[in-house]
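Read from first to last, the chains carry the letters A, B, C and D; within each, the first residue is number 1.
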Amino acid sequence: MSEVVTLDQAVEAALRDGDMVAMEGFTHLIPHAAGHEVIRQGRKGLTLVRMTPDIVYDQLIGAGCAAKVVFSWGGNPGVGSLHRFRDAVQQGWPGPLEIEEHSHAAMANAYDAGAAGLPFAVFRGYRGAELAKVNPAIKSITCPYTGEELACVPAIAADVAIVHAQKANRDGDILFEGIVGVQKEAVLGAKRSVVTVEEVVDSFEGVGPNAVILPHWTVDYVVAVPGGAHPSYAHGYYARDNAFYKMWDEVSRDRDSFQAWIKQYVLEGGPQDFARHAVAA
Amino acid sequence: MSEVVTLDQAVEAALRDGDMVAMEGFTHLIPHAAGHEVIRQGRKGLTLVRMTPDIVYDQLIGAGCAAKVVFSWGGNPGVGSLHRFRDAVQQGWPGPLEIEEHSHAAMANAYDAGAAGLPFAVFRGYRGAELAKVNPAIKSITCPYTGEELACVPAIAADVAIVHAQKANRDGDILFEGIVGVQKEAVLGAKRSVVTVEEVVDSFEGVGPNAVILPHWTVDYVVAVPGGAHPSYAHGYYARDNAFYKMWDEVSRDRDSFQAWIKQYVLEGGPQDFARHAVAA
Amino acid sequence: MVDYTPAEMMSVTASRAVRKDDVCFVGIGLPSEACNLARLTHAPDLTLIYESGTLATKPTVLPLSIGDGELCETALTTVSVPEMFRYWLQGGRITVGFLGAAQLDRFGNINTTVVGDYANPKVRLPGGGGAPEIATSCGEIFIVMRQSRRGFVDKIDFVTSLGHGAGPGDRARLGVTTKGPTRLMTDLCVMEPDPETMEFTVTSIHPGVSRAEIEENTGWTVRYASDVTETPEPTRTELDALRDLKARTERAHRVPGKGEAAE
Amino acid sequence: MVDYTPAEMMSVTASRAVRKDDVCFVGIGLPSEACNLARLTHAPDLTLIYESGTLATKPTVLPLSIGDGELCETALTTVSVPEMFRYWLQGGRITVGFLGAAQLDRFGNINTTVVGDYANPKVRLPGGGGAPEIATSCGEIFIVMRQSRRGFVDKIDFVTSLGHGAGPGDRARLGVTTKGPTRLMTDLCVMEPDPETMEFTVTSIHPGVSRAEIEENTGWTVRYASDVTETPEPTRTELDALRDLKARTERAHRVPGKGEAAE
């Protein structure tokens, strides 16, 4: 049953040190404001799950929140590498970071299985690919009808899912529009969930065909954080801030400039700072 | 690549004696006009697949088109039994009818696996249920991570899928709205497909949130048959003809009255007869 | 005191079993009637789900089929049938599943498949549909069914859907973690599984119904709880809501001039 | 004769490889440029699919990320990411997958995971993303990549995505029924697998490029087909379309006054 609270209350109630957390968003609707709140609360030892960890996970890793990352593509889209992620993997700064690496197909199937309440997913994958040799979580199974050998992967059932959506209504039902990614699966598969939204509305009138609606009884905490996906985008609200992604490449390259940025914009900031990004581009 | 043809051409090109055919529709958008065309063409030995075989499968069975039915619930919804189906199973009239029976969960998963190009589906099902003892297609598999034993079912990959939708555009893309059932999965899983539609339009403007769109390159034949789902319904076009479902109980109870009905309304009819049902109720 | 029929007593009693926060997987017929009555009386925010994919639907009339347009038009959202069975039912999102039966045994095992032998049936019934997995995936199961010797049998011909199996521990042994049938509501009484034996036991008898009447209509030896109560009568509000709902439904499904001239 | 850069020659050559009925799974960068150029020139009805879920999209500018809003706004429809990988990619609906690489070997095997040892990498790259299954599920694979010794190596450090393995028959032995890499388009030449050895073989050299230049930029012994042709130069129409597309893209992605004052 969804409860409408403030962002700090929601993150505090939902997320504990050592949890597995999925902050999802496939380029679109990435929950940046909520990620910053996790940094402010100083959570430690998190297992960060996401198909495409980008800036917000780079920030969480550099800020020392993460013990492990489960992922399938880790980069700054259209720009290059994630310097904090790379520094953690290559140099162990600010601490050692374990990685569990999959393909997109594997993770998409693993989220699907999590939402479906299954312990694992079967897919046709990894043929001739070396990841299956270095990731012990990748196993295989034989089709009982055809004898075909297929890949399998454990379901993703995170302790907490944190996602951003366009709208909630007064009941706490959630509306996602546009590129919907794996957010539905991440929320349905998780034990607890926090959803930040652009706005709370009376009704979902005028919804287009690319929509996902989650009923309020599938969500634990709902928080209105206008602009909360910035520098990612919210379809129908504001565009992707491509310049920010390029700027991040500079800021994050160096440990000191990264830490100065986190201090100024995250530790001394708050969810209200995102509101100024919530303007149509 | 979808080709726009007449109904008799489409059915003749797509469907052969002995084929496995899925004419899907979960109460909504059941392809009655296309089913009648199959009867007129005198197809024999078909394996009819459908979660909820109702009147149109009763007609195909009574007309002698079917050798086997794969299903999970066979009845006249809200009315009672399917008399032709029952007569075939219990008395072997007009010929023996093999049945392969599943649960809805199994068939829904089997369609999903078919669309996903997998040979089988895994689900948590049939626990304590006797169907698993009488249907050899139901097997089990052990989760390689948790050791949990789960049910499995072969994927449904029919030779032909026949479905009805609201709209096609000039390119042959297909739009379904409302209760979308398993039609997307039936078409994507099948080798060939025939789609009848209420109308061909220039654009899909104004589509609501419960929509499924299939690109033209996933469909083989598109035919405009207004009213082609009657007595089932087409959301936004016409309502379910509940009186017809009740009337069918009478007509189909007796072999002679059934045959007279088939002669009058199917053998001596055609797809154009459905047009008068294509009026908003 | 108000006048009511045994069928109304059954529906009202079934509707009361539903809690206001429940998420119900609803079948056509009696379950749909009971759940919608609950929504129109004490549980306005009740979530109703029909297996055709309609989530949180609020029909103004009872659907004739599981996929009536009304269900979709009044739903919060509609999902595909595979998603319904995978994410919502198997995903453990449903608190109460409502089932009916052709045959029922004292452990709440259900037959909706065949009367007689499976390979050579005396009567071929419609089959399980969603029931085999509803019976095991929902938090608990409510059964609503008219009481008769034909339906309440000592041994069902085919186990379509698991109840409590042959008794205590059987669900757990099959790897099933949900409660199974917790309540059976008929036109004569309410039965609940005895916590020791898991056999249905009469816990409440509808006003004016005798123990003999229950026994005449049950194919197994009827057991009674130590503290059998009388089921509270329907209130005026409940009866009005039920009768209005049924009258609205009747009017909506009578489409004059259609269907007779059959295609 | 028109003036053009090697990069333009590469994009135009890659765009020509696409047939008008293809259904392409498109990655960001060079593949996206080539596919959209094809759509703007000889293949207007080409179907482009991006792994973010956008089906049959017709962006007016090139996306910076795989999930730009433009892709969704101009798509026939958008599906969830699990559906994209399950029904569309694994379901065998894609005729051509476009891939790039950090490291590539002569059999078209691709590394986008690490330079150095996996457990102790010299350079940690972004990883495989969709590529491992794109490489095996699409009807065939086109690779587009700038030619260099750093990228075209004798032995890749990690096999992220299967090409032709160690040679003929390897895909089949792994149960893979699709064709794999059939064409490699660089800024210097076009290579195709030799039908006997499955090694990339130069089949066409871009105008003005020498064999020595190709060899200097390739980390394996370069082989040539018996009938190497000269790649046709870009036409005026192709170059105009490409330059317009890039200019439009440049303008669209320069959002003045944003991003500098970072959150």
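FYI, a residue touches a chain if its C-beta (ideal position, glycine included) is under 8 Å from a C-beta of that chain, and two chains touch if they have at least 3 such contacts.
From a predicted model like this one, the values you see are computed outputs, not experimental measurements.
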| item | value |
| --- | --- |
| Any chain that touches chain C and chain B | A |
| More contacts between chains, A-D or A-C | A-D |
| Intercentroid distance (Cα basis), chain D paired with chain C, Å | 57 |
| Euclidean distance of C-alpha centroids - chain B vs chain D, Å | 40 |
| Euclidean distance of C-alpha centroids - chain A vs chain D, Å | 27 |
| Multi-partner residues of chain A (at least 2 other chains) | 112, 116-118, 123-124, 148, 184-185, 209, 211, 213 |
| Shared interface positions of chain D, touching two or more other chains | 77, 86, 90 |
| In contact (per the touch rule at the top): chain pairs | A-B, A-C, A-D, B-C, B-D |
| Chain A-facing residues of chain B, complex | 116-120, 122-124, 139-141, 143-146, 148, 150, 152, 154, 207-209, 211, 213 |
| Complex contact set, residues of chain A against chain C | 1, 112, 115-118, 171, 173, 184-185, 188, 211, 213, 215, 217-218 |
| Chain A to chain D touching residues, read off their complex | 26-28, 32, 51-52, 71-75, 77-78, 81-82, 85-86, 89-90, 101, 103-105, 108-109, 111-112, 123-131, 134, 148-149, 178-182, 184-185, 209-210, 212, 230-231, 233, 235, 239-248, 251, 261, 265, 269, 273-274, 277, 281 |
| Footprint of chain B on chain D - complex, ascending | 21, 23, 45, 47, 55-56, 76-77, 86-87, 90-93 |
| List of chain C residues in touch with chain B within their complex | 28-29, 51-54, 64-69, 71-72, 77-78, 80-82, 84-86, 89-90, 109, 113, 118-119, 121-133, 135-137, 158-162, 165, 170-171, 174-176, 253, 255, 258-260, 262-263 |
